[in-house]
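Take a look at the structure below.
Read from first to last, the chains carry the letters A, B, C and D; within each, the first residue is number 1.
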Amino acid sequence: MLALEVSNVTVRYGGVEALNRVSLSVSEGERHVVLGPNGAGKTTLFNLILGEVRPAAGVIRLHGEDVTRRSVVQRVRRGLGRTYQQPEVLARLRVEDNLILAVRGRIGPRFTVFSKRERDRDTRKRAFAALNAVALGGVAERRAHELAHGQAKQLEIAMALAGGARVVLLDEPASGLSAGERKQITAVIDGLDRSVTVIVIEHDMDIAFHIADRLTVLHQGRVLACGDPERVRAAAEVREAYLGSGLDG
Amino acid sequence: MSRSSEIISAALLALFMSATASNVALSAAAGTPIRIGVLSVNQGPAAAGGADGFRGIAMAVKEVGGAIAGHPIKIIEEGTDQTGPTALAKVRKLVEQDHVQIVIGPGSGDEGIAVSNYADRQPGVTFIAGIAAGEAETYHHPNVFRFAYGDGAQWVAGLGRYAYSTLGVRKVATIGDNYSFGYAQVGGFVSEFCQAGGHVPKELWTPLGATDYSSVVPQIPSDTDAVYIALNGADAINFLTAYYAQGGHAKFIASSITVDESVLSAKGSIQNHLVGVASAAPLADTLEIPAWNSFVKAYKQHYPSGFAYPSVWATGYYTNAMAAFTALAKVNGDLSGHQQAFRAALQSLTYQSPTGPISVDGNRNGVFTNYVTSTQHGPNGTLLNAVVKSVPNVREETFLRGGVATPTHPACP
Amino acid sequence: MEEFALTTLNGVAMAALYFLVAAGFSLIFGVMRIVNMAHGSLFLLGGYLGWSVAALTHSWLLAIVAAGAATAALGLMLQQGLLRHYQGQELTEALITIAVSIVIADLLVATYGGLSYQIPAPVPLGHSIRIPGTALRYSSYSLALIGVALATGLALWLFLERTIWGVVLRAGIDDRQMVAVLGLNIQRIFALVFAIGAGLAGMAGVLDGTLLSLVPGVDSSYLVAALAAVIVGGMGSLEGSAVGALVVGMATEFGIGYFPSYAEALTFAVMAVVLVVRPTGLLGKAR
Amino acid sequence: MIAFHGAPSGRSLAWCSTLLAAIVLPFLASSFVTQDILALAAWSAIVAMSMVFLSKYGGMISFAQVGIYGVGSYSFAILAVGHGVPWYGAVAGALVAATLCALLFALLVARTYGIYFLMVTLALGLVVYFLTISNYGLTHGSGGIPGVNPPHLGSISLAQPIPEYFLDSSVAFAVLLGLTLLMRTQFGLALQGCRDNPRKMRAMGYSVMSYRVIAFTLAGSIAGIGGVLGVWYNGIIAPSYLDLTRIIDFLAIAVIGGMESLEGTFAGAIIYAIVTTYASSFTDRYNTVIGLVLLAIVMFAPGGVGGLVSRVGARLALAKAQLTPASTE
């Protein structure tokens, strides 16, 4: 069964086609990396999958269900989670509360003004589990804006996963990190449960090829190549698009 | 929540200091002065008129030598911005903080409604209106008196009949500011004019403080004999500007406020179009009675930089203050016993004001002489209101038959 | 029919005045994200200054130049002296301009009192003229006012579209970071924009003082009108201010002409409808 | 409950003394201070709190609160004076009207953020003002509706200074307490999340728009409570209670108290009442004084009184911690 299926999707901004008949299939449990130079349409693809951007044409299926007309909230409730290139956290809230909200957001109900205690305890337990999964247990009491860049990125991953996400979109999880932090974040992704499908945009080729089961290369809004690491590495178009930069690594 | 208590305590402390400070000031006053609070306007469009109101009070105090029957008069002035909220805040301060026994003011209709309403909560204080001329303002408020000059409908007494009989006008369109005083000024004219046999096919109401009247002008019917304008200072000027810019040439009749000092002394020339226009008011610049002449003389002497003639503000505040002082003198300044003696004296008083005798009716509302006027050129290019006719004993009931004026009442299409 | 035509013409004339106020307000908002609540005060101040200059020199042209220059200078002082230190703190900036507007309004009452002031129109524009081809007579000054607004709008448009300053400014409206990254002196641009906006307000004050009259209170009327115009038209765009001013001008004139007691409410009803249909204003870009 | 959470010694002592002062003060102060400073400040603080609540927890700076407060006042006056509805019915009607008005406004503005939100709500606030001035049949135009009186509870008239003070201040305190507790629930947390990062909250499965609408509506109900207490205090409601000047008055209260401090609104309201009452005794140019005070606060104490106190408090706490390093929870 496919976890995510994007078929023949076109997105236009004004007159410009940001995505042109793009298709992408990701099976359940797969680690899929999206590559491409700046402006290729990678982040637009993520915005599209989450529902922040609506396509001019094409269909998006999540676990077989057509979600093209579903709102962001509805898609998230169906198990979708994402991070952003610049970490987006709830800056003035405590790290712990960031996670509690992440857990709650997915499991609903939408408005619990006075929540039952057991459920509250359950939420906290799941929040801390997510926190410990990214080794942020020590900073639970801090405000999110006080975190270092790397910590914020980890927090975001934890938030995307919290509450039982089944498909997560990670937008450049390693960008702006030190070598040590990169290692740490790779380990976090490696350690994710195989029941979770992970789609990653990544510029760092080492990390990309390390984690990828399959890759898709975007260029100027089109799919240039798609397949397992060896095939993508070998594809002539890809070499051309990148002008040989870094692909040999 | 840690800081909340500290914030509140800090505030309470500041408050305490200010409260004790004012108490000290209070106990420092000596003797048994009569404390009188005055409310007039010192902000916004009517600030110039409001300042004249304070002048009228000062003239009255000076005239009685600053004391009545041995009691020094202590005047406490507060300025407003011509709105109810500010008038209310200021009158509360005068009554509850400064402990005045008598309030003179305020100066405009909306303020008058708010202050009369407040008077119900302060039965021990006597309120004497400034020149606030809302209709029925003194009704049901046994501690509210209004000598000068009754309500806005009374201010135009005589004008409707004069328009019909002397000017020969049969059909009139009206344009008025869309608020209580505008209704009163239109209502007063319309009720008298209708009674005389005239017709008012169209009444236009425009928002108070409207800037551009260009699109109102085409709405004025061209088949009437005259247009009656009841617009405040700046509104009147804006209306006339728009009217003449479109080449209009109707005959105008103007309400009191349309040709008052603030319009006649505005910096511009549009008001020259008002020369020869009939109007009515409780006073007229060229009044030929000795009391008026000496009042004008005193005003010009004290306030050379004031208006060319004392405005309705100066005259009205002066008259109300002098009526209060005269009644106080009759009871030897005795304000004890819930001011009963003082109020009885006010009720029975007939005061010879600069504009003629003035007293109050059973509802404590002024009965006075009104004047039909005509706007004329005065010396040095100024404009003034010349007397055409006097209308004695103008009473509120004459106009209030059938209830307070509204945009649709009275009417005779 | 004649009534309708006149009201429409009045709407355009009023829109001309509103445009001059709204354009500066919108420009300042677009470039700096400052809601200049003192814009109305600068307008009234310009009007009064214009009256004083006209009374002294008997020159209407000098009055408008002096008022524009003085309010531009004051705007520059306001921006450099107070607002510059709080860039990006939108609420703080709005609050500062509110405080300044309270002070200016009060000092104007102290100086000029509450009387109405009218500035005599320049002699050739003091009369009404027949509109060619119709039986309508219309104020030549109002027609000139429409011309002034068109010329100003055109000048602003040329400035924004055809000069290097304008290119930088538009870039600044779209993306302020980018301008900074390009190494352009954004501070000088901010100062210039504030001066232009304030100067326009001051000149509009003189134009209003000639068309109608100046009196305490018109400062907030015109601020509110400018606010409505930029919300309707779309914030931060010159074309938006023009369209917004036209809508508000028409609503004002048709309101007072046909539903006078609801005149002001009508303007805002129109605004609410626009907000529902297009939250970013008629010509506003999606945010 | 709030007071005794955390370190018991200093905080609870400060709280108790504040509470004690709030109870004792009206018996010591003149009736003017009790009614025209303290009671006025208490109900003004409620209106300001509805503004500060939206700003602090929702990131929405709303200038429409005074308009909504006016809807509450007018509804009470129309029902009680115009139709003779008993006071409790009129209160309920006023709160419903204010809440519905806020809901309508919320639906109009929920998609708007930041400085745009400020401008649009300012315009909406003015809509209410212009409607009240022009709809003579319903609102009696610019003169407004006089003759509104607070109810009698048994033999106690709530128009009397001390009863009015205790009513207004306890309602204000209840609003403060209620909002503070509400903000600790999941709803409060989520609202704050929407303030910090609406996009992220949406990506986490929250309908940001709903949270903003609910918060705005709730703030409207609170403004409506202020509207009822306000019209009881004033005895009259008129359009001039809702004009731009009054909008700025309440904004000034919020700013002086601190836009980030619900408690600060009390201090802001008291200080504002004192300045406006006494400045006019010194100078005719009291509006200039008010403008300059506002300017000084915005420029030099951007957190308002609340910010100042918390800064001083933090410094004191630091000093205390340095003095007694071994202090335990």
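Just so we're on the same page, a residue touches a chain if its C-beta (ideal position, glycine included) is under 8 Å from a C-beta of that chain, and two chains touch if they have at least 3 such contacts.
The model shown is predicted, which means the values in this text are computed figures rather than measured ones.
A.B. asks: If you take the chains that touch chain A and keep only those that also touch chain B, what is left?
C.D. replies: Correct list: D.
A.B. asks: If you tally contacting C-beta pairs, which pair wins, A-D or B-D?
C.D. replies: Pair with more contacting C-beta pairs, A-D versus B-D: B-D.
A.B. asks: What's the farthest chain from chain D if centres are computed as the mean of the Cα atoms?
C.D. replies: A
A.B. asks: Using Cα averages as centroids, what's the distance between chain A and chain C in whole Å?
C.D. replies: Chain centroid spacing, chain A to chain C, equals 48 Å.
A.B. asks: Please tell me the distance, in whole Å, between the geometric centres of chain A and chain D computed from their C-alpha atoms.
C.D. replies: 42
A.B. asks: Just curious, how far off is chain C from chain B if you go by their C-alpha centres, in Å?
C.D. replies: Going by mean C-alpha positions, chain B sits 36 Å from chain C.
A.B. asks: Hey, what residues on chain C touch two or more of the other chains?
C.D. replies: 106, 261, 263-264
A.B. asks: Send over the residues of chain B in touch with two or more other chains.
C.D. replies: Expected reply: 43, 178, 207, 407.
A.B. asks: On chain D, where are the residues touching two or more other chains?
C.D. replies: 133-134, 136, 284, 287
A.B. asks: In graph terms, nodes being chains and edges touches, is this line, ring, star, complete or other?
C.D. replies: Shape = other; not a path, cycle, star or full graph.
A.B. asks: Using the touch rule from the top of the page, what pairs of chains touch, sorted by label?
C.D. replies: So the chains that touch one another pair up as A-D, B-C, B-D, C-D.
A.B. asks: Across the complex, what residues on chain B touch chain C?
C.D. replies: Touching chain C from chain B are residues 41, 43-51, 178, 204-207, 209-219, 233-234, 237-238, 241-242, 245-247, 262-263, 265-270, 407.
A.B. asks: Which residues of chain D touch chain B in the complex?
C.D. replies: Going through chain D, the ones touching chain B are 2-3, 5-6, 11, 14-15, 17-18, 21-22, 25, 29-33, 35-38, 133-134, 136, 141-144, 146-147, 159, 176, 180, 234-236, 238, 240-241, 243, 245-246, 257, 261-264, 266-267, 270-271, 274, 276-278, 280, 284, 287, 305-306, 309-310, 312-313.
A.B. asks: Write out the stretch or stretches of chain A touching chain D in their complex.
C.D. replies: Touching chain D from chain A are residues 50, 52, 72-73, 76-77, 81-82, 84, 88-93, 97-98, 100-102, 104-106, 108, 110-115, 144, 159.
A.B. asks: Taking the complex as given, what residues does chain B use to touch chain D?
C.D. replies: For chain B paired with chain D, touching residues are 1-12, 14-16, 18-19, 22-23, 42-43, 78-79, 81, 83-85, 88-90, 92-93, 96-97, 109-110, 113-114, 116-118, 120-121, 134, 178-180, 207-208, 406-407.
A.B. asks: Using the touch rule from the top, collect the residues of chain D that touch chain A in their complex.
C.D. replies: 182, 185-187, 189-190, 192-193, 195-197, 199-207, 210, 214
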